[in-house]
Each structure stands twice: as C-alpha cells, then as structure tokens.
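Several structures are given next for inspection.
The two complexes that follow have chain A in common; it is paired with chain B in the first and with chain C in the second.
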Partner chain A sequence: MSKLSRRGFIRLAGTAGALSAMGALAWPLGGCQKKAKAGGRVIVVGGGFGGATCAKYIRKFDPAVEVTLIERDARFVTCPFSNLFLVGGRSFESISHGYDKLGDNYGINVIRGAVTDIDAAAKKLTLKGSKTMQYDRLVVSPGIDFRWDAIEGYDEAACETVPHAWKGGPQTRTLRKQLEAMQDGGVVIIVPPGNPFRCPPGPYERASLIAHYLTQNKPKSKVLILDAKDKFSKQGLFMQGWEKRYPGMIEWVKASAGGKIDRIDMAKRTLYAEFGEAHTGDVVNLIPPQKAGELAHKAGLVNADGWCPVNQRTFESSVHKDVYVIGDASIAGQMPKSGYAANSQGKVCAAAIVSSLSGTAMPDPSYVNTCYSLVAPDYGISVAAVYNVTEEGIRKVKGSGGLSPMDASDEFRKKEADYASGWYASITADMFS
Partner chain B sequence: MKRTVPIVAGVCLCLAAIGTALAAGDAKLGEKQASSCNGCHGADGRGQGPNPPLAGMKEAYFIQQMNDYKSGARSHLFMQRLAQGLSDPHIANMAAYYASLPPPSGKGK
Partner chain C sequence: MCRSYRIPGLVVAAMAILISQSFPLQAAEVTRGAMLGTSCAGCHGTDGRSPGSIPSISGKSAEFLEQILKGFRSGEIPSTVMGRHIKGYTDEEIRLIAEYFASM
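Let's turn to the complex of A and B:
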C-alpha cells in the first residue's frame, strides 16, 4: 500500500465517520439518547478467506468498532494455487500470507491462539490456556473438517501417508514430495468426495496439473480419478482440456461405474469400491467427505448434516444470536464453497455487523463468485456468478454468470490463465494488505 | 433501521456540496455494494494485474461501461457475465463510490 493511498483511505474513513455522526446529530431518534458512541467489540475466529476479509472490512466500514482476529496458525496457506505448488509451478512462500498488515494498517488486534469454547448466552469465548474474552458480535469462520469415519481404514493418522492436502499446509508439501518420488509409469489416484465440499472444481484442477507435471517428467504415468459423484464442476471444459493436452493420461471413473470408494487398505494403498474393482496407486490423494470446521460443532452452530444454517442476508447464525458463520462452514444457498465466495460473504457480514452495531440500514446484499481453474499453467477456465437474496435464500441472478466457452482458442485459454494469476494477487491483497 | 433517512440525507448534502448535481448513486451504500469488486480489481479498487483501477473513475463512464457489458456492446470474458447480475441502482451506487475515491498514484498496486 503506497503512502498516498493509505492517506486516501484514512481520509475516506474520516468522511464515513463524519457522515454517520452527521446523521446521528441531525436526527436524534425521537429524543431517545441511546449509546452516544457506536463502536462495539467484534471477535473474528479464523483468518482465512472469510475471517480475514470480514475483520478488515469491519474496520474499513466503521473504524470505531474494535476488532480482534483469533487465528491458530502464524501464516495462512491458501488452497487456491496450491495445486500449482504441487507440481513446482509456485513456491510455498508465494501461497503463504501473514497477518502483520491487518494489525499495522487496520488496527486489528491479531491473536494467535485456539478457541476452545463459545458461550453464546454470556457472549464470551475461551481460548486454549483458559483466557476468556467478551464480545458484542462474534464471527466464526472455521472452514472445513473431515468426516474421518466415512471411509473405512482412513483416519487422521493415515492422512500422513495418504494425504488429503485439502487444507493448505504440511499435507500440501507431503503430496508434492510423493509425486516427485514416484517412478515413471506410476499411477496417481485422486479420490474426490461427494457434495457438498470445499472447492468443487479443485480435485479436477489437481488431476490436470498433475498430468501436466507427469507429461513433462514421467510420461508413462497415469492419473486415475475415483469419484463419489456422477458429474463434476466445469466437467465439459475439463474433459475437453484433458483430451487436448493429456490424451489418454487421465481416467475418470464415476460413482455409478464403480468409482465410489468406501474402504482403503493403507499398507498396500489399495482402494475398494462397494461394487467394482480394487485399485492400487503409487500415490493416493484421498479427499474425505467434509463438514463444518470443528469449532462450529463445539459451539453447537451446526445442523444434522454438519453444516451451519445462517440468515443468508447477514450470515448471522440461525442457532445463536449475535454469532455469525461465514465461508465454507456456512449453508449459503446456491453459492459454492470457494475462497471468493467466502471473501464476498465476509464483506456482506461486515456490513451487516457494522449496521447492527450502529443501528443503521444495510444495502440489499449482493454476492459474487468467480472461480478459475487451471487445466495447465497456460490454460485457464472459469465460472462466475452474481447472487442475491430471495425468499428461498441466496440464488444466482438470472442471466448472470456462466462458464468459459467450449472450443476456445489457445490464446483465449492463456488469457484466462493470466486472469487467474491476477485474481490470486488481487484477492490475497484484498485480504492481507 | 430508523437511521436510514438521516444518512442518505447526509450523503446527498455532501454530494450537493461538491457539485455532483446528477448524482443518483449513493456512495456510502456503494462502498459496501462494490466491495466484491476488490477481489479482482485490487484493494479499494486500485487495480491489479490485468484488471484496471476503478478508484477515481468518472461516474458516467463507469455506468456506461457496465451498461455496455450488459448489452454486449462491449465484450469481456468476465464482466459481461457479472454485469448481467447487477441492477441499475446497484451500478449507480458503485459508480458514485468509485468516483469519490482518489485515483491510484503512479503504477503501484
């Protein structure tokens, strides 16, 4: 952030403050002198796409609000672009982001720690080490956790050798090392979960980029996708890209054709489908079925399916008042579980919280999702949509959005890949700088 | 809820003072409605990579471009798909907001 634009921001923030003050002075609410100062204390738990964005935008929308961000890890490793890291197309550093600027530039109190308990009635949370904190509004952005009991033989310990790599971090490195160590002629098996799950096109982007790496380094190898579904996101575009760039290298087995895996023999890295043959991989990437992050379960914010129901206009929990759940953990109508969706929800939630604390109206929410996938480092495809809130919840606006066209030129795909890098730089700057 | 009126009045007053007579958009609402744009157009709409800055863009120009994306008069991979989802008042508010920001300095981010 340049000095000038920082000053610009402060000036803008000042104007916003002055406007609210002007409003409050000009129209005293029927002589009712409520709180003289707006302010309020907000705690955001989880510093990913949802939480980091929400914390920053609350401070941008109303600098009078005190914001604390609690995050378990020192740095956030993004899932977007981690598939490029897997095949050597990016450094680990370039997909890792720190929280310093959220403190320095926005005055957010960033605490590294784990929340062990939330007492919604007392508006209080407990940190590991038993320190407690009070809040006026709480935002929970816990991401996903895995259903360890869903696939027989696979558990939290097993994922050290058969990584899911579905949260950015150490597992991402493990999977990369395994791919690098594999002999030419090996089989990489990817096991995507059933819906709903984080990043619907992600497993297929991963298959694509692994095929790109194998084509260049181990061309006799193969990628096998054993899917718990019968169709997947951007399917036509992916399959066209595979045919074009990696003919014969990627095989996709849909659920109804024997792709749905329900057991793994860890010692042999053999996967068994309920009906159908057994498959043994040299590298196995098993992405288990998912649920809302652990904290949401502990705090009783989930429904019977393990996800968090919310008011889709504000993202306030349907279970606990003054607690908001955003990002992958929430049930957000037709929005997918993606980084951009969480970023967009974080902003709407920030506006809703600022409005509720100051007693002002918020605009009708509008959400955006744009999602790029790489079939190869120079071959991008995308889907985009605008959403608004109807009586049935968040719905895609008719006529908006859509997919990249089929049969586009190489130049077109290259341009989309460039846009994907631009998107990554932009959204991470929006969150962390 | 009740304070909607004064804030809108405040904004109008402010816009009138700086002589933006035809300003139909509400910059304060626009700030919130435009925040999703920053995911691609950079923090505070200052531009990023292939995505141009929106901060400091003239109001009428912004509205014209969005309408051209909607009608197909201007084509773009993404913006046509996104513009279809935005109402006229939504676009007007965003236009007012971006026009109220200083344009980014130099080439920076």
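Let's turn to the complex of A and C:
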C-alpha cells in the first residue's frame, strides 16, 4: 500500500492529514503501532463478498486503522460461476481464491478461525478454541444458513445425497458428480425457495446451464423446476432463452400450480407438494429456505424473520452498537442478496466505519448491483440498479438500471456473456487482490 | 454528522480545524466522489483497473469520462449495460465520478 493508492480517496484535513499520510508512507517499512492504535481496531468476520471487500476498503480509505479479517476456511470458493463449474465450463481452481494478497498488499491481519460468540457490551468476540479478541468496531458478513426444519424429511445430513449446492465448495462438487453419473433420459429436479433468498436469479441460471449440458450430453433428459414462488427474477428473459436454446427441455411449475414442495422421501428422491402430484427425480437439487448465517443468530443480531436489521446508511446493527452486518445476512431495503450487493455494501460500511473512527463526516451512501446470468455459456443477460438511501431506507434511484432488452441479437447476448466473466474477474480482484 | 450542504463553507472550514485539533492523528475523510466511484469497481476493477473483458477506466481525463458517460446516458453511445447503469446519476454526480477516476 502506498501513497499512490490513497490518491483520490480521501481529503486530508490540515496538518493532521499530513501526519496520517506520513504514517501511511511509513507503514510498509516497519509498521507504526501507535498510529494504528490511534486509528482504531476493526475486526471483520467472514471473508466472502461482503467481508473481504469491507476489510480491504477500510485499509484503502484509512491505513491508520488496524484491520483483522477472521475466516473459517483456508480458501473461498465463490457461488458466482459455480453453475458453470457444475457443467464443466470452469475449473474448481478458477472459482477458488486465497487471502494472501489482502495481507501482503493491504496489511490486513488475516486469521483462520471460526467465531463462536460475540459480546457486544464488552466489545469482545470468542474464537473456536476459546481465544478472545477485543475490537472498536466489528463487521459481520457471515452469509446465509439454511432452515433445516422447513421441508419435512430434509436435513443437514440429507444434503450429502440431495445437495443444495447453495454455498460454494463440496456441495457444488457433489451435484456435479450426480449430473455426470445420470443416465440419458433422466429427470433433474431443482427446488428453489420462496423470497427472500441468496441470488434470486441463481436457480434459473442453474436450470439453464444444466439444460445446456444435457442438450450436449444427454439429450433425452429433462429439467423440472418445482418453485415455491409464482414468478422469478428475469423470468421473461430466461423463458425466452429457454425457448430459443432448449425448446421443451425445461419445465417450470409455479407454486400455485403445485410447485411448492413441503416434504421429501429421501429413499426414493420423491418430492411432495402441498397439493398436486408427487415428483421423483434422478437428480434432485433442493435449495432450502434461508436465514442469516448462524453467527448472527448466536450473537442476537437477527429479528423474528431470521435476518439482521441495520441502519441502511451505515449498516450498523439496529440491535448492537458498533457492530455492523453486511451482505446476505442483512436487511438492505430494495437490494437483493447478491455478491455485487455485498461488495457494494462492504464499501459503504467501510466509509461509515472510517468516518466514525476519525470523527469526520460520512458522504451520502451510493450503492449498485448488477446480476449477470448465463442462459448458455455464450448467452448472457443482466439486471442492474443504482440505489441511494431515503427516509424509507435503501431505494432504487428512479429510472436507473433495469433488464437486458428482450429480443436482443445473438451478438448482444454473446457480449453480455463475455462481460459476465469480465465482471467475475473484476469483482474477485476487488475482493482478494 | 452535519452534512456540508446545510452549513456555510466558512463554518465547515472552522470545524475542520477544530476537529483536526481535537483528534490530532485522525484525518481521513472519504469523499463523495470516492463513495460513488468505488461502486463501479465491481465491474471495472479496483481503482478502475480491470483485469478482464470490461474496459479499464482509470487515468482517463475527466472531460473524456464525463462526455462518454453522458453519451451512454442519452443513448448516443450504444452499450450493453452502461446506458442502464448511468441513468442512476445526476450531472453533478457524473462530474464527481469523472474527477475521481481521472485522479487514479
């Protein structure tokens, strides 16, 4: 980190600024403990889309702040582009990322460990193995966990044979193996949850790419979507793409037509709807209803619905002072639960924390989100929006964003597919290097 | 915190001095330009330096950036996503964003 990378980020207020800029210059040469302490101690829990971004941008905004990032896993496997991995379009390595550069380039203290408890009154957290750590400000970005009691017959052990593949890593591999082992003529069933959940277009991108794989490898097979909803994200665009690329292969059953599943017979892989017929799949991908990551529950950061209410200007918890919750776990007005949303929230939260620690004014927040989806490896679509904060919380800026056009040319869809992988390269670099 | 549009410039300056005196080692203030500009990095890369297929935008002149962004907004310059995206910003915000990336 050098003076160069600070340029343009911050306004320096008088002589104090000059001092702190000198601190920043001196830092890579030997550290300056005193200044780091003066800037404050921030701990970020969870090195995913929200947490890794927030840790990095706190250091970019103000190198005087000491930042520790605590992450359970050695490497982060992204959910974005895991649907392409699922059908052989990407390597596992290409969707896995390490934390070394956050230490080397930004001076972040990266610790591998699981946080088991937070004592907000004492500003202290506990790690597995009972080590404790003090903080001035805490950021929690734990992602999601599942409501294992929501679908009768399905639990954490069951996901070894009926995978959700809704967290990056081993689950995605399990689902891929099952798709590869399936005979031609088989039925793949995808069961998306009701709102709100992580990545609203994700199940339909998955259905698309599985259909792409089946068309090429097992053309007599089918994809059946049994949905807990009556409509879904980018529906018109997806359905147009399915008609064009996979006519007759994907069937979508909406909730009110008998798609809402409430029970599974694990032995037979048979799914039972509240009403309507039962369905048996050769491969079943059951994506259960979700809630904020377990840690948020343990720390008492959630409301009755299981998600974390926050001040949508700063992402400070509405429950505990000096604790911030970002990403999927948070309630963020009109923003969806996406990686780009978590990345954007991470930066606003970093600005809020740096401002509160230094006693300076925080600029009005601005958020963005774009979700690219692949209907096929060469067929991309997107939904975009810019957000600001109003009296009602985070709201879309009127007139901003929207969907890719319907009936666009093949060339346009190809360009968006290329930009989708460009987005992936940029956002993962923005998080990890 | 006070928002600067509600208080006259002189008062802001005086406050800045007061603040810098009472917190001598703390001075980082995140600008509105940085707030707006850092949100583009998810697509264009940190500091506008893109490692992939989306164009890099760092170090271009503010005039060029302002012109091209307004071109996307009016539809004069065709785009896949920029036209939709940039409709979320006012002229003043576009000016701040352009200045921010020009300084990278």
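Some notes on this structure:
Keep this in mind: the second predicted complex is superposed on the first by the 396 of 433 C-alpha atoms of A that agree within 3 Å, B and C clash if a C-alpha of one lies under 4 Å from a C-alpha of the other, contacts with A are read in each partner's own complex, and residues count from 1 in each chain.
Note that in this section a residue touches a chain if its C-beta (ideal position, glycine included) is under 8 Å from a C-beta of that chain, and two chains touch if they have at least 3 such contacts.
From a predicted model like this one, the values you see are computed outputs, not experimental measurements.
In the superposed model, A:A385 makes contact with both chain B and chain C. In the superposed model, A:A64 lies in contact with chain C only, and not with chain B. Legend: residue contacts after superposition of the two complexes on their common chain; A:G98 is shown touching neither chain B nor chain C. In the superposition on chain A, contact is made by A:V397 with both chain B and chain C.
Shared-chain residue A:P219: touches no atom of chain B or chain C.
Within the superposed three-chain model, A:G39 lies in touch with chain C and out of touch with chain B [touch as defined at top].
Contacts of A:G422 after superposition on the shared chain: both chain B and chain C are touched.
Overlaid on A, the two complexes show chain B and chain C touching the same residues of chain A, namely 5, 8-9, 12, 15-16, 19-20, 23, 57, 61, 340, 343-344, 347-348, 351, 358-363, 366-368, 370, 382, 384-387, 397, 399-402, 404, 412, 415-416, 418-419, 421-423, 425-427, 429-430, 433.
Here chain A touches chain C in the complex through residues 5, 7-17, 19-20, 23, 35, 38-39, 57, 61-62, 64, 340, 343-344, 347-348, 351, 354-355, 357-368, 370, 382, 384-387, 397, 399-402, 404, 412, 415-416, 418-419, 421-427, 429-430, 433, going by the rule given at the top. The part of chain A that touches chain B in the complex is made up of residues 1-2, 4-5, 8-9, 12, 15-16, 19-20, 22-24, 26-27, 29, 57, 61, 340, 343-344, 347-348, 351, 358-363, 366-368, 370, 382, 384-388, 396-397, 399-402, 404, 412, 415-416, 418-419, 421-423, 425-427, 429-430, 433.
Partner chain A is touched in their complex by these residues of chain C: 1-4, 16-17, 19-47, 50-54, 80-81, 84-85, 87-89, 93, 100, 103-104. For chain B in complex with chain A, the touching residues are 1-7, 9-11, 13-14, 28-29, 31-33, 35-44, 46, 48-51, 77-78, 81-86, 90, 93, 100-102, 104-106, 108-109.
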